[in-house]
Amino acid sequence: MSESAGLPCELQEKLKIILETALLASPEALTLSQMKLLSDEPLSSRDLETLLLEIQRDWQNRGVELVEVSSGWRFRARPHMQAYLDRLNPQKPPRYSRAVLETLAIIAYHQPVTRGDIEEIRGVAVSSQTLKTLESRGWIEVIGMKDTPGRPELFATTKQLLDDLNLRALEELPSPGQMMLEV
Amino acid sequence: MSESAGLPCELQEKLKIILETALLASPEALTLSQMKLLSDEPLSSRDLETLLLEIQRDWQNRGVELVEVSSGWRFRARPHMQAYLDRLNPQKPPRYSRAVLETLAIIAYHQPVTRGDIEEIRGVAVSSQTLKTLESRGWIEVIGMKDTPGRPELFATTKQLLDDLNLRALEELPSPGQMMLEV
Amino acid sequence: MTGDTFIASIHGEPLKSLPQDLYIPPDALELVLDAFQGPLDLLLYLIRKHNLDVLDIPMAELTRQYLEYIELLQEHRLELAAEYLLMAAMLIEIKSRLLLPKPPKTLDEEVEDPRAELMRRLQEYEQMKLAAQKLDQMPQAGRDFEFIQVMVEQKFERLPEVTLDDLRMAWLNLLERARVHTHHTVKREALSVREQMSHILRCLQGGDFVSFDSLFDLNGGVPRLIVTFVAMLELAKEYLLEIQQSETFGNIYVRISRAAM
């Protein structure tokens, strides 16, 4: 597996077409190791990334772009195209309530947290509906039980949340503002 | 609404980008009237179709194609990309039955042969389904009739079979080796 | 919430004193409650509205406003969540502790400000409240942009693949079987001849006479010429070809035999 030599031009073009097709057709982001399966010859991560950056460049002035998200690479329509896409499908997804958003923020920034932790920070009870909304969107999940009386569930955010916000990692979440006092 | 004048170049480029994005992002085929919603100016069906044909041409050598289906226009992966896409979610490839494989082997190694020849060599009757499977796959074809009672069809293998096996000529078929029986 | 003072009327009764700056739609005081995410949110609202410092909350003022607010809500028989009443109790407790004379400092022990816990909770809550707003402002899949998924027609049934080895094994099996049943004789003729036979028949599909010469590939080399010739003899032997020559040394013409068409 060559580390840096780069690929012959023809093979490169062929691979680019296959990669582009797979990325366009895949219902989810593709990881580097998945994409390596698409090449008949062994392909180094470095060569693969070079190809991905080239595809990214090919799409530079189009309405669709290739982005890297937490679970891999995928194509998305650029946000400024949304106004046009909304004309085709005028049903906007509902905006989430403040209760849902605050619960999500607490899980995102304090994870893993129990329902009790969330209630403590918000100062009010958290409805099951709120948690269900986030779970069914695939944004949060139970990752275990806390070893305290009652063994409450521990919630964390998912890769899908990062994907849906077009982020590669949790650290890319906006800072919640200057920390005022340490918790 | 201009009927034929064509659109100014810049507007055309902008519309092409929007159309392409909408067609890529839409989970279903888009009708002409849906696509007309994407233009800020009134757009004639004729101008729209010209743009669609241009997009189709732009995608000519790619792994994805713009096609017109009964419900409108949509992008889809080209059939020959299927093999690559299958690598991403591997399922066990189906296999031909022994009858089909042996029939194919006889036609390949012994062509041109009649159904009777095949039956004589295999020692059992050859079902029409077996021959139909190979014919519809494009691997065998009837190249004439034998001048014997009943005028049976003569089968031979096709160039498609060679292509699919990655061979240049039939001679490149592996020799079955010493196990060959001589008359 | 707007900047205007709004006097609402509930069940026909005008409301006398509403918290300033608070928008209350008529006949819907519940919405006031809904506007806040809980007592911490309400306290933050009061603190921010009066431009108070979270780190140095004037407890008397804050407590007074808070109590005023929940009294108003209670007067109108609105069910207050227990958290609001709990917070009221906590505020009163903090306020009363601040009013009590401070015990003399003992040793180096710091006397904890009774407001500290409340301050901490308010700050933590406010931070998450702002974080929630920021999250909501981020472009979100499905709302602000779409992921692309080009359709893959599942119609193409997956076709079985055949390898050279499959073919070879199938042929070997046949030969093996044929050897067991010796009355079947199977012989593998030179493939090139067999292939050429198919090729010639294909060339003659049209049914017309074709010139004998044209069936030979002159660029294919001598072996190819011989193979083609042998293939033609084989075909003639099997009555699949008609070969005609009208005069000695004249052009030879070949066509597929009527019977073979």
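When the chains are written out, they are named A, B and C in that same order, and each has its own residue count from 1.
One rule holds in what follows: a contact is a pair of C-beta atoms (placed from the backbone, for glycine too) under 8 Å apart; a residue touches a chain by one contact, two chains touch by 3 or more.
This one's a predicted model, so the numbers in the text were calculated from it and none came from an experiment.
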Next item on the list: Using mean Cα positions as chain centres, tell me which chain lies farthest from subunit A.
Entry: B
Margin query: Closest chain to the protein's overall Cα mean, using per-chain Cα means, please.
Written below: C
Notebook entry, point to check: With chain centres defined as C-alpha means, what is the inter-centre distance between subunit B and subunit C in Å?
Noted result: 28
Note to self: Quick check: how many Å separate the C-alpha centres of subunit A and subunit B?
What the structure shows: 36
Notebook entry, point to check: If you average the CA atoms of subunit A and of subunit C, how many Å lie between those two points?
Noted result: 9
Checklist line | Multi-partner residues of subunit C (each touching 2 or more other chains) | finding: 146-152
Checklist line | Residue list for subunit A, restricted to those that touch at least two other chains | finding: 21, 24-26, 64, 75, 77-78, 81, 85
Check: What residues of subunit A sit close enough to touch subunit B in their complex?
Finding: 17-18, 20-22, 24-26, 30, 34, 37-38, 61-64, 75, 77-78, 81, 84-85, 87-88
Note to self: Please output the residues of subunit B touching subunit C within their complex, sorted ascending.
What the structure shows: 24-25, 27, 64, 74-77, 79, 82, 85-86, 91, 93-96, 98, 101-102, 104-106, 108-112, 120-123, 137, 143-147, 151, 154, 156-157, 164-165, 167, 169-171, 173-174, 176-177, 179-183
Next item on the list: Quick one: which bits of subunit C touch subunit B in the complex? Just the residue numbers, please.
Entry: 146-153, 156, 158-179, 181, 184-189, 191-192, 194-195, 197-198, 201-202, 204-205, 238-240, 256-257, 259-261
Item checked: Sites on subunit C touched by subunit A in the complex -> 37-41, 54, 81, 83, 87, 119-121, 123-136, 138-152
